[in-house]
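Each of the two complexes below includes subunit A, the first together with subunit B, the second together with subunit C.
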Partner chain A sequence: MKRKVLLVLAMITLACGYLFAGELEYFNVYKPKAGMTADEIMQIKYFNKYTLFAQDISFTGKAYFIDKSGSTRERATARKRINLGRESDGIAYKDYTVFTGPTQVKGLCNLSWTYLNSDKQQDVWLWIPSLKKVRKISASQSDDSFLGSDFTVEDISTRRFGDETYKLVKEENFKGFTSDFYKKTYYKDTPCYVIEATPKRANWYYAKRLVWVDKQYGTNIYEEKYDSKGQKFQYIFRWYEIHNVSSKEYPIQMLLEGENLRSGHHTVIINETVEIDKGLSEQEFTEGALSRSRW
Partner chain B sequence: MKKFFDGFIHWFGHGLIRYRYGFLSLCLIVSLFFGYQLKDLSFQTNLGDFYPLKHPYLQIQNKLTKIFGGLNQVSIAIEAKEGTILNPVALDKVWRITNEFYLTPGINAGRVVSLSARKIKHVEANEEGFITERLMHDPARTQEELDILKERIVKNPLVYGPIVSKDFKATLIQADFESNVSARDIFNNLQALKAQFEDEDYNIHIAGQPVLQGWLDYYLPRMAGLSLLTLIVMALVLYNIFKCKRGVFLPLFSAGMATLWGLGLMASFGYKLTPSTILAPFLVFALGVSHSIQFIKRYYEYMSRHKNNSKAAAINITRSLFVPAFTGLLTDGIGPFALFIVPLEMVRSLALAIGFGILSIFFSTIILVPNLLSFMKPPKRLEVIKEERETLTSKILGYFAKVAVDKKSRWVVIASFFILTGIALIGMKQLEVGDKRPGTSLLYPSSPYNQAEKFISEKFSTTDPYYIFVEGKSQDAFLSSSALKEMDSLQRYLEKEVKGVGRSLSLAEYIKGMNMAMFAGERSEFKIPDNDATIAEYLFLYDLTAFPGDFDPVVNSNYQYANIKVDLIDHKASTMNEVIKKTEDWIRLNHKEKNIDFYFAGGTIGMLAAVNQIVSTMLTANSLLTSGLVFLCLVFAYGSLVSGWLLIIPLIFRTLLVFGILGFLKVGLTAEMIPMVALGIGFGDDFGIYIVSRIKDELKEGGATLENALVKTMSSSGKAVFFTGLTLTIGIATWMFSNILMQARLGALLAFFIFFNAIGTLIVLPSMIMTVKPKFLIK
Partner chain C sequence: MFKRILIIFALVTAISLPAYAELTGENFTLTGAFKNETGMRLKDSLTGLNKLKNTLELAGEYDIKDDDLVFFIKTKYGYDSMYDTRKKYDFAEHYMRHTQRSDWLRDCYIDYTKDQWFFRLGKQQVAWGQADGITILDRVNPVDLSEYWLPDMSDLRIPLWMANINYSPKLNANLQILFIPDFEASTAAPAGAPYAFRSVTAFDNANKLAMHSLQVQNRFPGKQFDNSTFGLQWQDMIGDLTYTLNFLNGYYYNARTVRIGTSTLYNRSFKRWRMYGGSINKTFTNPGPMQGITMRGDFAYYNDEPIYYGNPSIASTSGIKRWDNIFWLIGFDKTFFTNWLASFQFSQYIYQDSKVKDAGITALTQYPFNSYTYGAQDQVENIFTLKISTDFKNERLKPEILWSFTDDNQGRISPKATYEIKDNIWLTLGMHYFYGSEYDSNGQFRDENQVYTTLKITF
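== the complex of A and B ==
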């Protein structure tokens, strides 16, 4: 009986892990190897996307929204995440984001808990400083905008390994991406896997993505989205900085740049500072902590 | 001076025939040149042509479009023929059309509005907080899903009414395209969508400015088809007048050349065939034919009296008709010339196109007609007799002459004329500016476009938006509680004070809605918060959940510019004037916030109000200018002030009569009336000029008394005037068959005005001449 219970628990854990980032264990570092299948490469890619290799991570950064005419809106944030991957309450990780700019909204905070079970919606709370109120709000839908950017919520936070099917299209050296923001070319001639990802959901807002995954670190450095008419309508570029923590190489995303090719609208998200595995307490990710926050 | 002119006309008449081969070759070469130029002529509709773009209201509209988009907004209504749209099939159509829009290149995704649009959210508040989700992320399929959707629609005032009709029979999808997408592409796309989604159970109605432009583009080439009808009708009329081939083909040929030259000139200057300029060739053709009739009529008269010599006849008619034809064409040209003061491109381009045509008619009538006549064999005796024999027309004209000669009866004519004009003044008081029918006045109420507009207007009350532009003096101006409270106050005032206001929408509604959600959905919290920081946070939260551009229709991205959209139930001049007046009053008395300013009037209402203002001021100004110029022209041509008064006073009275009739018939004054009056006055005096010139000629030849000269003139030139008026009327009346109502209305009014002028001249002018007995006639 005991063995059966353990087996069931192990299976649940595996299933949850698979749903999230395949069968990879938290707090390890994974890299692609020659001969891996598209699925295996994408599992590593998702593991890296959600920084599941780290215990906790904190960023300060800025986001720029640039329209076709060049008019720019700027936002500043301080973010922190604690990775849990805990089966007991099913919590995968907790995120805390505070807006530090523009000045008028300084101190507006957002707390979200993400669960291992992809069917379970995130729990999200909001701190409204001028009203001194915490409000529980609904989780954004996957195809909603992420923080008012060109990216969708799933582009940044909710798309999971199980949401798509994958096909390895080719292996090639990436042609390089020249950032409009930094005027610098990244990843020129970097060996990549090119994987075609097709959403399982019918009539989704994109028909397929072509994803360039860095062969060395398993990070998704570039992707293109295509609609049902076969037209490319968006690209997203990501640049990762490799941080050595406890002799392990952590690929940390420092720049994210994308454009909606239909509207000509550009979004740039940069991380200016990053701190990894500083021993953040879970107490910092509670409703109470939200209402105590002062910025 | 007179001697000089007589000498010039003598020299011109003889020179024209002496060098007739040279003149004919010149006409041929120029025709070939202009024929070649036609390769560059194409059809094009620009809705901006119908509005005074420099008017302050249009400037406001331009600012609104530049900042908030909406230039190429289209509306698609799905109507269930049976039952409601709350079923899986209809909702699937909504979902697919909306999705199709998101995938269309050039779409302004932030302005797509429908039940399944990404920006249309359902918000539900509770004690803990609130949930926000797409109102219809996927089409509802089960009964439970349908019930939930219905409940959410009914609860949401931004959806129930504006997006779903109150009876659930129809639902609206709105989209906006970038300004670089052509109206033709949008129109074709929408027609394809209509064909795809309309079936035996559902109607699809499509409206919006690009759709209107698409329909105009569609109808425009069909107008060219009417030229064949005009040609046939003209040929029949000419045959009825002259009963011979040369009487038919010569005017058609000469008018054809004038039309070709006019079009060639238009093409050379880069003009396109628009809904207004396409009328010019018709007008030029009719005018060319009508002037040719005078020449050919005189030719037959000459041939019946003198020996059969075509060359001599050609010289003689050139000498006799040079002054009236030249004066007539000059006054014809005054109409279009005076139209240049009207700040509407539609009117100006029409004026220019007609101006080119009139210039061409000078060559085709004064040079080509006598030239060709000189080559022709003299007509057979029978042909002359047939043409000269007495007909019903000549009998009636003879009667008019007798009435004028008799002292008593001519006073009866003049008195009747004055009394009718007096009655007309009463009718004129009932004139109202603007067209009050739903939809556009450019097309018929029964047109598919106006039917769609009417349907959408009735079901969703969204067709006649009035925008107030609110400009902040610095960015973040609308993060201020007092600024939003002022906007809210203006909205409530207009909703309360103006009967024709349906509902209004601005940033204030969104902030009030958000505040209510923050306070557990308490109705009492549907208000603007007092704290500026709260407003900033609310706006930021809206921004966080929206894609770039989703909030653009309401406020711009740095919160410096906003707008208030007020839906009016109609676009009657009285409703428009009232809402504009009340806005002005409110701003004057209540606007205190120094960091923002209110500007009006934008939207369809502002554009229509601007046109109405132009019509009101320009109709009188342009009529006076045209009359004044025609008067000066007449005085100059006949060297007498009396000649000017004699011809212009009846013309002004006839104009008043026409407006009196329009007033009694409750026809609204629209922009087409401006060219109608200017051209009507300009062309209308031709008839008087030919009559007066002929009387002068008869008196000059000696021996005749004024009475005899008048009787003779009426039976000869009078007949020509009648037929000139008739051909001109028929040529213009063919516009009535156009699918474009603006053209049909202008055709009907101008044709009526010109025929009324021709008949009026034949009845009243002889009596006036006999009463005044002007001395300039025997000079």
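== the complex of A and C ==
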């Protein structure tokens, strides 16, 4: 009996070793388990962030940019992603984002291809309505603002597992976050891992992040960024809705809210509709498809 | 009267419909914009108003069958009130004051998608190539240069009725076939307008001296199948490099006036030509010193391109030659310091020869002309552009500067800054500074430096 238990434990250890030594396998659902290391938890967190459990996903939503005086600007977007995880050409996933409003920016489209090799930058194409043309563009720098929001490009699309070192600081029940936009409190008393993430890059725009990861689903529900003086300068909140697809639980981010504490500028991004695994064609994520834009 | 109605309608619509969403149904989307452009000629200080143009744009999309069958239309009508207030420009008003003929219809087409096929049938513009602001492969549509090259490219191109047929035999590859039975000539500002080419002004002056006896015979291509324009583009990827191969066979959209013998008759005859070319683009994504740099390139071989020649000192055309010329460009883009984007382009327009070399004409009249100014054209014209842009206040304020110049010490510097006042109200403040010899493309406007504002209200 003892030998059997040892054998099973050895197999589990081996399986876990395989699982976390490399990338997690696409199109599976992973959840944290007791006793996992900070690295293992963060790997699941990134897997969920980029919805790698799904074949494809489409969103429509709105973004609100609110300055200190309360003046609010609005953007409407439609986004699609197809996950590939393909070794042959090294492509992890392809994203397509189009502004659907307001009129001034309507039609501006962005197509990006992200590679499995995290050292490799994205390939990015832009449909520019004023030129009526597709332009290959230099990928935005990771510390640049994402579409004018309070989030950086890497907060949304380029930060990968391995860009930071991770340390499990504590486990606690999250105090809850009250959304300024919805006037509602989310995740009160939700059990979380609190992980300290330190960028490997020297002299980066933040010195560390404290990340609250939901123990049940492995999603990053809240984070705080600190500068080199230990001053908190930003927070980001994320709310996930659990969608049951083919008897699997997919955590889908539906609300993203954050504030730059230095400027008092505030951003809210809402996903209003979501469609999962609808069989999107990869043909929709090509430069040719982008050039068919009308606006 | 009409312009007042137009302005009042635009303002009332813009104010009463602050949210674009209210005009959007399940299958139908309607948007619009009212734009005021005010320009001031710097040389005239505070009295130098040279543009006061109000434009109303309306665009609609109707999804007939989901996203597979879609009808799209865009209209634009502009009225420049400057021609009502400034007598100086009166003689150009017939052309410049309001949108001409059918130019108000900017897009009117049906899109049909079925598996690997995509059809766009109707009035449209097609942009080829990777160059910014330099039309090397971007020759499918004629251009309206009534405000030089200052407006956006989408406003410069004159849309044409055409069939745009696309087939994707494999992922990332596309074969585009264009059949264009329509023809429009490229246009330029008439004499007296702020950005009238020196050549146009010279002809107008000659006409005045001749007591308006000079007559121009426009010889447009006849409306028959043989006179259609045909285009082909093959696009594919090799690794992470995208390339296109392009071919265009049609009528050249520019024609110049050539005197018939010693008479007062001038011919403006459009000629057929062919363009063979290709483009590339690639971003260096792998770690290394090149990482983050995007490289773009266009190459075109112009076969039988009409070249006008004559004596540049008197800006008089002696005749026309058909030359084989080369136009190519390479460009690099890179983002620096978080959000500063630098974009550099180098281009060469290489003529077949430096002179016409015709024993039957005098040496003074053998120079190929710059097609805009009728000044002497270098055999190799080196063109450079540098654009730097960034943003502040969460992308609410977007400044940029464009410097376009050639090796003849002539060019244009155009700084501008756009500020988003509200979602639907955008204000731009900018300037165009020209320098160089009056015989050069930009230098001819050295007395036309301009500051301008653009206020755009969208709904």
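One rule holds for everything that comes next: the second predicted complex is superposed on the first by the 270 of 295 C-alpha atoms of A that agree within 3 Å, B and C clash if a C-alpha of one lies under 4 Å from a C-alpha of the other, contacts with A are read in each partner's own complex, and residues count from 1 in each chain.
The rule we apply is simple: a contact is a pair of C-beta atoms (placed from the backbone, for glycine too) under 8 Å apart; a residue touches a chain by one contact, two chains touch by 3 or more.
Remember, predicted model here, so these are calculated numbers, not experimental data.
Engineer: After lining both complexes up on subunit A, report clash or fit for subunit B versus subunit C.
Structural biologist: Clash - subunit B and subunit C, as placed by superposing on subunit A, overlap.
Engineer: Quick one: is A:Glu74 in contact with subunit B, with subunit C, with both, or with neither? Answer first, second, both or neither.
Structural biologist: second
Engineer: Report for A:Asp39: first if it touches subunit B alone, second if subunit C alone, otherwise both or neither.
Structural biologist: neither
Engineer: With the two structures laid over each other on chain A, which partner does A:Lys120 touch: subunit B (first), subunit C (second), both, or neither?
Structural biologist: Once the two structures are laid over each other on A, A:Lys120 reaches subunit C alone.
Engineer: Scan A:Thr286 for contacts with subunit B and subunit C and give back first, second, both or neither.
Structural biologist: After superposing on A, A:Thr286 lies in contact with subunit C but is clear of subunit B.
Engineer: Identify the partner contact of A:Arg262: answer first if only subunit B is touched, second if only subunit C is, both if each is, neither if none is.
Structural biologist: A:Arg262: touches subunit B, not subunit C.
Engineer: Return first, second, both or neither, reflecting whether A:Glu224 touches subunit B, subunit C, both chains, or no partner chain.
Structural biologist: In the superposition, A:Glu224 touches no partner, neither subunit B nor subunit C.
Engineer: Under the stated touch criterion, which partner chain does A:Asn203 make contact with: subunit B (first), subunit C (second), both, or neither?
Structural biologist: A:Asn203: touches subunit B, not subunit C.
Engineer: Of the partners subunit B and subunit C, which touch A:Gly101 in the superposed model: first, second, both, neither?
Structural biologist: The answer is second: A:Gly101 touches subunit C but not subunit B.
Engineer: Answer with first, second, both or neither: which of subunit B and subunit C does A:Asp143 touch in the superposed model?
Structural biologist: both
Engineer: Of all the subunit A residues, which ones make contact with subunit B and with subunit C?
Structural biologist: Comparing the two interfaces on subunit A, one with subunit B and one with subunit C, the shared residues are 65, 67, 73, 102, 104, 129-131, 133, 135-138, 140-141, 143-145, 147-150, 265.
Engineer: So in the complex, the part of subunit A that touches subunit B is made up of which residues?
Structural biologist: Within the complex, subunit A contacts subunit B at residues 65, 67, 71, 73, 99, 102, 104-105, 108, 125-126, 128-131, 133-138, 140-141, 143-145, 147-150, 203, 205, 227-229, 231, 260, 262-263, 265, 267.
Engineer: Could you list, by residue number, the parts of subunit C that touch subunit A in their complex?
Structural biologist: 20-21, 31-33, 59, 61, 70, 72, 107, 111, 113, 116, 118, 120, 125, 127, 130, 132, 152-154, 157, 166, 168, 171-174, 235, 240, 242, 281-283, 285-287, 291-294, 296, 333-335, 338-339, 341, 391, 393-396, 420, 422-424, 426, 456, 458-459
Engineer: So in the complex, the part of subunit A that touches subunit C is made up of which residues?
Structural biologist: Answer in residue numbers: 65, 67, 73-74, 76, 101-104, 106, 115, 119-124, 129-133, 135-141, 143-145, 147-150, 265, 282-283, 286-288, 292, 294-295.
Engineer: What residues of subunit B sit close enough to touch subunit A in their complex?
Structural biologist: Residues 99, 102-103, 105, 107-110, 118, 128-134, 137-138, 476, 479, 518, 531-534, 536-537, 540-541, 543-550, 557-558 of subunit B touch subunit A in their complex.
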